[in-house]
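Structures incoming, each one as structure tokens.
Two complexes, one shared chain (subunit A), two partners (subunit B, subunit C).
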Partner chain A sequence: MTISKKVILLGHYGVGKSSLTRRFVYQKFSNQYNTTIGVNIEKKVVALPTCEISMIIWDIAGETSHQKVPQSYKLGAHGVIYVVDLTRPNTYQKLDTEILNLQKSLPDVPMLVIGNKKDLFTEKERTDIVKQLPLEPFALSSAKTGENVDAIFTELAKRMV
Partner chain B sequence: MVEQKDELFQRLRDILLEKEHRDHQQLSQTVNELHQDINTRQRLEVKVDPIVDDKISYLKKNFPEIFGPAIARAVSVQIRESQDMMIDALYPIIGKLIKKYIVVELSALSEKIDQQLEQAFSWEMWVRRLKSWVTGQSLGKEIVAQAMEPMIQEVFVIKQHSSVLLGSYSRQNIMDRDMIAGMMTAIRGFAKEAFAKEHQDLQTIEYETYKILLKKFQTFYVAVTVSGAMNEAFKQKIDDLVLDFVHKVVNTTSATTSAEDYLSDPLRQYFSQTNL
Partner chain C sequence: MNNSIVEEKLAYFHHRSQYVIFDNQGRVQNSCHTLFAAPISGSLYEQVPFMEAMQDTFLQLPIGEDISFLCIETELMSRKGYYNFYIKRQSANELKWFIYDLTEFYSYLQPWQQERNDQAIAGEYLRIQQKAAVLEKKLLKYHNEELRRIEQMKTAFFSQVSHEMRTPLNSIVGLAHLLSQQATPATKASTKALEATARHLATIINDVLDWSRLENDAVELALDPFLVKPLVQNTTETFRPACQEKGVSLSISIAPNVPNCLIGDATRLAQILYNLLGNATKFTYQGKVTVSAEMTETASDEDQSYFRLTVKDTGIGMTPDEQKKIATPYVQANAKIHQQYGGTGLGLSIVKKLINQMEGTWNIVSYPGQGTGITVDLPLSVGTMPEIEFEETTPTFHHIRTVLVAEDDPINQKVVSQLLLQWGLHPTVVVNGQQALEHIRQGSYDLLILDYQMPVMDGEAVLKAMQQEKLAMPVIVLSGNANSSVLPFCTDNLFHLLSKPILPDILRKKITFLDRQASYPLVDLTYLRQITDNTSETMIDLMNTFTLEAPTAIQKINQAWQDNDWEQLRKLVHKAKPSFQYIGSAPITRILDHLESEAQPINSPAYQAMIHQLAEKTQQAIVQVEQQLQKLQSE
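Then we have the complex of A and B:
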């Protein structure tokens, strides 16, 4: 049985939402930065032990606050991936407030906080940055190397069932 | 001597009051039984239930005659006294319906006038008339054959916000239907946010010779893709079809199935039978 689920990717512009989507769906990565206008929709089926999840991924244009994202894009979401850029502190400084507000507008919806671009740091640097984050991220990822990308989406799929 | 007198007197009294004594005992027994009947639920039920049942059946049968006028009076009073509240509730719905009706009728009228003007005075029409006169073929048939007939190409039933596809029907091989449903939902959302009009919805998307008609319902919306030149009459037919499908199929099947795209088969069955 295949179940369709709407997944939205949120976060500031340039944090790597589109790159993570592209890596997950097409196993590709590009160094070229193309800004997303409005929303881009992709789909990938994830096989779980009990069922298949057809993830309809809404890669939404980056905004400094999710409150600037059109409400209709967020409505009906079954899962959220909130991406921050480990190289830019301003993308995670208000992370706790953002997630709190999101939880209010999307109650009971699973949300994963992801620290992207981990390939740009050493292990020690990464540990220091994670300590600065207002919330502990679910995982650190790299769209460039593909590290943890599949695992993040699969985990969200599990939590949405 | 006195004792003897008393005994005699008692005997005499017994003889004289024997009948009253019997009656008293019988009466007392009857009262006891009645007391039992009234105070024992099961015994009372046996006596009363048939009467109550008869009364209930009588009321059921004659409810409109007995209570109809009183209810009608009460409703009438309620409506009269709550006019403002009712107007507030109905105004947006009726207003929207009237507005839609006027828009549809005006479009149809405008289209008809345009068609008649074009047909009557166009150079092509004179050429066709001449050709028809020379060849002897019917002008009407020629025009109909040349016209591009509109045709339903795809129908999608999509959940309002989550964009989950509840069912789809297509005459041709198209790209991933889930992606189309997602994108269509995003476009609707964008239009709503961008123009911020309450109680208004995106109703048509046009792409060259294709038109996508969007019809919103409470929890889902229906998107119908039409190829060819679509006029108001055809649009009305599609509207009627969609309403009929929702009424007959969607409202009756949703509660009985757990499959996600449970409307795909009914959609195929329903729309493949239509000649649109």
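Then we have the complex of A and C:
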């Protein structure tokens, strides 16, 4: 049995949402930053022990606040991945407020907060940065190396079932 | 509206848009197929990811309601592009999907958005860098402050240790000197050795402390005239006994072009020569050590004269590698040197630092087994100070007789007092600054020897109080720290700093110097001007009174002395004093102080000399006051 689920990726521009999607769907990465306009829709089927999940990934153009994102993009979303860039404090300084507002507009929708670009830091630096985040992230990822990318989408798939 | 325009418009939109009618299961009911061929069989929900994602939403969409989706980048039946979608429920089982292809427009827009985002991200990184730079600067400042604090602590530590070590060392050197003076033939060798050892220890401590201060740029060089030949000769002669013991000849050659006097820091120059000679005699076992001095000029700067000092020896010499190491602090030419010869490894480091500070240069020529020659060139100007020759026998002081010694350490008190007594001076010892100040106010002393660190009231406080109360007199300040910064407010020649341990020769030279400096004007009308508010008439009146009464007063004093009438003499002297104080005659006031103080027996030759000096100087003072009177009356 295959279940379709709409997943939306939110966060500031340049945090790596499209790179994470590309890495997850096509196992590819490019150092070139290409900004997304509007929303790019991709699809990947994830096999869980009990079922298959067809994840329709809405990689939404980055905005400093999700309130600037068109409502129709978020409509009917079953899961949210909120991505922050560990190299840019601006992308996570208001993380707690953002998540709180998102939870209000998408109640009962599972949300995972991801700290991306972990490959650019040492373990010690990462620990220090995580301490500065207003919320504890679900995971730190690297679209460049692929670390934790599949695990994140798979975890969300599980939570959406 | 013109039909052709409408047709053109429709044609424009026609190939950019498509309508698809589908039911709740996603099956296509109808389509214009202008963009893509809508699937006849199967469900749109299975074939178009966008439709699949929105299936639940579309099923719940009420009749007549619509939803717009702008700028969706996706694939429609293998047709990748940017689209605007418009979905509307027509009936319970019919939905209308309007597709508008805006790939061309959004592809054009993307680079603009890209540029905007790139700039915003670059701005963020710039702000982070700026913030990091500010933090780094703060950190650097903190580190610098920390380093400075550590340096200050180090300096303070050295200074404190210096003081603590120098005070007892001072006592040892002084007592050893006194012992050697009074030694019997049986103990003479031991006391000499004791004195030499104490002096050697003083040298090591001074080297360590000097290096510490040089490292911290805390050494201020004096720019005073000094006599060159005695400096070179006396410093070199210090090493003659050591050379004689080893059978090494020691010679001095001073070129005729060396002037009597140069301007610079004599103490530091002597230190350079001392350290160079110390090494030369230490490492030479046969042959000779020669010291030569001459004046040179460089072609590039002909106006600047250079004082060239060369120390050559026929000692063990050095390899080129060893020569490179010798100016490194606490490092000797090789490891065997310390085992064989001892030393701190600071001597030549200090020399190099001092030469640099004097803006001079040095040149080393050395060959192992043949010897070493070090030439030092220092830019020193020629001075004009008359040559002073110190007598080797008991000195005679002309102006300084009574000395107030303010020192809390009992051994130092004894050492200084004994030295002063040996030189025919009259010391009075007090144990703190407070007592010193009281004595200065009440009594009359020709010299104050003042310890800088004392209980109750320290030397600095005494000097400041003396300045405030205008109690001018020559002062020798004893300090464990020979840095002149301890006397920032004492700028005239009446103040001299003497570092502990006190070396008898140096103390004697300081007192001799001050004694020769103590030539106060016979008449100074400053005080009179102050008390008369610069009113000529009152001044003239008082000066006339002085010229009339002074000879009578001196005559009466002379008579009382001839009559050997001490009581009458003391009263007359006491009465005469204010007149001489009005005309600002410090020399005569001091003579009167001595006459009144019973320091000498009334019938002694010294007392007689003072009585004659009083008459003579009073006569000279009257002449000077009369000259001043004429000047005032003519104004």
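Definition applied: the second predicted complex is superposed on the first by the 161 of 161 C-alpha atoms of A that agree within 3 Å, B and C clash if a C-alpha of one lies under 4 Å from a C-alpha of the other, contacts with A are read in each partner's own complex, and residues count from 1 in each chain.
One rule holds in what follows: a contact is a pair of C-beta atoms (placed from the backbone, for glycine too) under 8 Å apart; a residue touches a chain by one contact, two chains touch by 3 or more.
Worth saying up front: this structure is predicted, and the values here are computed from it rather than measured.
Asks: Would you check which partner chain A:Thr122 touches, where first means subunit B only, second means subunit C only, and both and neither mean what they say?
Replies: Neither partner.
Asks: Per the contact definition in the header, classify A:Gly14: touching subunit B only (first), subunit C only (second), both, or neither.
Replies: In the superposed model, A:Gly14 contacts subunit C only, not subunit B.
Asks: Of the two partner chains, subunit B (first) and subunit C (second), which one does A:Trp58 touch, if any: first, second, both, or neither?
Replies: both
Asks: Which partner chains sit in contact with A:Asn31 here, subunit B, subunit C, both or neither? Use first/second/both/neither.
Replies: A:Asn31 contacts neither subunit B nor subunit C.
Asks: After lining up the shared chain so the two structures overlap, which partner does A:Gly76 touch, if you call subunit B first and subunit C second: first, second, both or neither?
Replies: A:Gly76 contacts both subunit B and subunit C.
Asks: Contact-wise, after the overlay, does A:Val39 reach subunit B, subunit C, both or neither (first, second, both, neither)?
Replies: both
Asks: Return the chain, subunit B or subunit C, that is in touch with more residues of subunit A.
Replies: C
Asks: Check the residue A:Pro89 against both partner chains and state whether it touches subunit B (first), subunit C (second), both, or neither.
Replies: second
Asks: Going by the contact rule set out at the top, does A:Ile3 touch subunit B (first), subunit C (second), both, or neither?
Replies: Only subunit B; A:Ile3 stays clear of subunit C.
Asks: Go through subunit A and flag every residue that touches subunit B in one model and subunit C in the other.
Replies: 4, 6, 38-39, 41-43, 54, 56, 58, 70, 72-73, 75-76
Asks: In the complex of these two chains, what residues of subunit B are touching subunit A?
Replies: Within the complex, subunit B contacts subunit A at residues 159-165, 176, 178-179, 181-183, 186, 188-190, 192-193, 259-260.
Asks: Touching residues of subunit A toward subunit B in the complex: what are they?
Replies: For this pair, the touching residues of subunit A are 1-6, 38-39, 41-43, 54, 56, 58, 70-73, 75-78.
Asks: Would you tell me which residues of subunit A are touching subunit C in their complex?
Replies: Against subunit C, subunit A makes touches at 4, 6, 13-14, 33-43, 54, 56, 58, 61-62, 70, 72-73, 75-76, 87-90.
Asks: So in the complex, the part of subunit C that touches subunit A is made up of which residues?
Replies: For this pair, the touching residues of subunit C are 45, 49-50, 52-57, 67-74, 82, 106, 109-110, 113-114, 117-118, 120-121, 124-125, 128.
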